[in-house]
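Two complexes, one shared chain (chain A), two partners (chain B, chain C).
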Partner chain A sequence: MDNNTCEVPVDATRELNPESLIKIKVLFFARAREIMGLADMTLEVAPQSTAGDCLMTLLTKFPKLEEICNSMVLALNEEYAPKSSTLKNGDELAIIPPISGG
Partner chain B sequence: MAAGKGEIAADGDSDTLIEIVNQSSSSNLEILDLARYVSFVRDPAAGAIATFEGTTRDTFEGRRVIELRYEAYVPMAARRLSEACAAARSRWPLRRLAVAHRLGVVPVGDASVFIAASAVHRADAMDACRFIIDEIKASVPIWKKEVYADGEIWKENREFFERRPAMAAEQDKAPRCCGCGSKERVGIR
Partner chain C sequence: MDSNGMSSGYADIIREIEKLKVEKEEIENRISKLEAQLDRKPDETAHLEASQCCSNVQTVLDGHRSSSNGLTPEMIYRYSRHLLLPDFGVEAQLNLARSSILVIGAGGLGSPVALYLASCGVGCLGIVDDDVVELNNLHRQVIHAEAYVGKAKVKSAVAACRAINSLIKLVEHNESLRASNALDIISKYDIVVDATDNLPSRYMISDCCVLLDKPLISGAALGLEGQLTVYHHKGGPCYRCLFPTPPPTAACQRCSDSGVLGVVPGVIGCLQALEAIKVASGIGETLSGRMLIFDALSSRIRIVKIRGRSLQCVACGENAELTQQKFRSFDYECFTQSPMSDRVISLSIFSTLVYESARISARLYKDKINEHEEHVLLDVRPAHHFRITAIPGSINLPLSVLVENISSIDSALKAAVPEASGEAASLYVVCRRGNDSQRAVECLRKNGFPLAKDIIGGLEAWSRDVDPSFPIY
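Then we have the complex of A and B:
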């Protein structure tokens, strides 16, 4: 998946059977937290969804996140992770805007 | 996920001290206890202690900074700091290490980050300090907002953008440790 595109694929909003969804905790920090107006949320996605799928779902629901989607990275369960990472129930996915520690 | 007010997220082992120090309240700022970190790394076998102190500046591109506000993804930041320390140990023969980062409001002129390293020889301790601050700038999930009289901005480290392609790389899905493959065990204090 191209890391430098924020285009939302048409299947990101496909209808899903609620029975089969897995729950992902999504964390927002810094500018991402301000855009969302919250620090975390639970997102229900289809089994075998990737971190990138999850990001696309977020961008569909919250288009203002596009502001940071070309500069951020993802962390899955406290480790930096590519968009192709497959999610499992209970995973913690963090939206990491450009860091500025030090 | 941030540590609660006044909490210190501590990590490391008997030779490595890692602290993420949160602000306890607006009227009671938690300053970094630099002397304690230097004491921690003091070692009879070491011939040198090197330190790096990052302090908050009062101006940015001509604008007067009123204060800086830090936040972190605390558990991941502690993990990344541990990995940076392990990577430093894999590169240089070090005795003891202490790394601390402050969160919340940090007034201009205060220390926001402090690193102390001891080694038999000074070059190793100095190189390790530089390596660890560079790792913090590139990969430890901590954010800083600069507040000016007429606005505010989230800062962005140049080092983050240099590291970003590797962080998001599709090939290597193993836990990343600056590429060093260190396996140092991390204990929770």
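Then we have the complex of A and C:
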């Protein structure tokens, strides 16, 4: 599995000064990591974006993530976060689908 | 003198061999006696012991002369290193001895769980599994020995635990845990450890623990990752609070498909045993409300705070609809679109994706080879599977990249027959078990290869029906 971090360009639909964007580190686990082929990436989003917005941006760019988005633990800085949580620069958002093997 | 020395050395060796042979015979006798004890009507013993109820494990303590603190001298000596721990001590050890724990699954997770719980002195340890030991289990299911290949996992696991600790009560449940028997079995224990390998069992066990109000220590491992949580403990969430909707591709997420590094379930299983010991003995802070995530590749353990109990949860919420009656008839395999046992996957879910005319048996395909039929054999497994083993002459084109590389099939077919002959080569498709090859044929038929055929049952059928020396994995 690729551990490289990849930069995702800003969502072009939002007309914002790039300097005002905030950087979020997204961590992928289990099936999400398999789909993405990487363990984490940096995502640039508009200030005041929520965890849900961030997920939507990801889904638009990587539609294959659709399959895990209804069944996962979403953690913001290692704490449970509802999708309405507001993100700030440097936040770490973890996408953790359940695994069932044993 | 050389020859003299030689001959006396020779005689010594012969004598030594004879002596060892006698000892070997003695040992073998002892082994068969012990095996005979094991082979006593399994159900009889199990039911007898199970009906004696594990919830009240006073027997271990009652049968022996115990000192004033309640521990027998044998227990004091055996568990002395626990007793010496200021944070554990006599009280925690007594709590352990009075507790009963059910381990569901005697596989990669269940192996270390059962071994540690047996050796640490829980009063009663039950193990449920209906599977048999297979050679390809042994790289991670460390409780089983080669001698038990082909035998019931529960028997093997209980024998291993008994060999370690004869003081504790061990109960075999040599059956699969289903909604029909789960309430009966789980109700006999204080604590439940989910060491299963599939999604429907995880939902079922969680629901059952909510209904019976039992703490659930739930571990999972796949590939190079592991997860661990304690559910329904001290007001914490249950599995459904976290995952109200099952993920759609659960059937593909199994160790038998995706692989698993042996030590990963070992790590998670050890941590499950630790959580079970903490819950049973009442020490420390458990992982209730937190999830431990183990990443073997980067040697990282993350502990994430998870949501609390959901008031809307259908199992443990305010207006939960779950009842024992509903539970018994709930179809967990249907709910998760995934089977409890992987032995049935290739037979039931995907049996006939493509028309019979688009299929060929492994034996008939072998006939085509013998008849020197010009053909191309396309192997659609992932490249790392192809490197494990492949039929000589087959071409690897993984299903995931089939469409974008479809032109390469054309050239392979052309290369298979002499240009002048005017004949066309046939196209056969193979995979590991005959599921992906059907998907590939479906796709090929829509993309200009109407005569493509899949080999029924894949390489497993090839190995079984045509070439027994062909390795299966």
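General remarks:
One rule holds for everything that comes next: the second predicted complex is superposed on the first by the 84 of 102 C-alpha atoms of A that agree within 3 Å, B and C clash if a C-alpha of one lies under 4 Å from a C-alpha of the other, contacts with A are read in each partner's own complex, and residues count from 1 in each chain.
We take it that contacts are C-beta pairs under 8 Å (C-beta built on N, C-alpha and C of every residue); 3 or more make two chains touch, one makes a residue touch a chain.
Model, not experiment: these values are computed from the prediction.
Of the two partner chains placed by the overlay, only chain C lies in contact with A:67; chain B stays clear of it. In the superposition on chain A, A:79 makes contact with both chain B and chain C. In the superposed model, A:30 lies in contact with both chain B and chain C.
Residue contacts after overlaying the shared chain place A:96 against chain B and chain C alike. In the superposed model, A:38 makes contact with neither chain B nor chain C.
Judged by the document's definition of touching, chain A residues 1, 3, 29-31, 39, 71, 73, 75, 78-80, 94, 96-102 lie at the interface with chain B and also at the interface with chain C.
Per the touch definition, chain C reaches chain A in the complex via residues 105, 107-110, 195-199, 202, 219-227, 242-243, 245-250, 253-255, 258, 260, 265, 291, 293, 295, 297-298, 302-308. By the touch criterion given at the top, residues 1, 54, 70-73, 75-77, 79, 101, 112-113, 133, 136-145, 154-157, 160-161, 164-165, 167-170, 173, 175-176 of chain B touch chain A in their complex. Interface residues of chain A facing chain C in the complex, by the touch rule stated above, are 1, 3, 29-31, 33, 39, 67-68, 70-73, 75, 78-80, 94, 96-102.
Chain A contributes residues 1, 3, 27, 29-31, 39-40, 71, 73-75, 78-85, 94, 96-102 to its touches with chain B in the complex.
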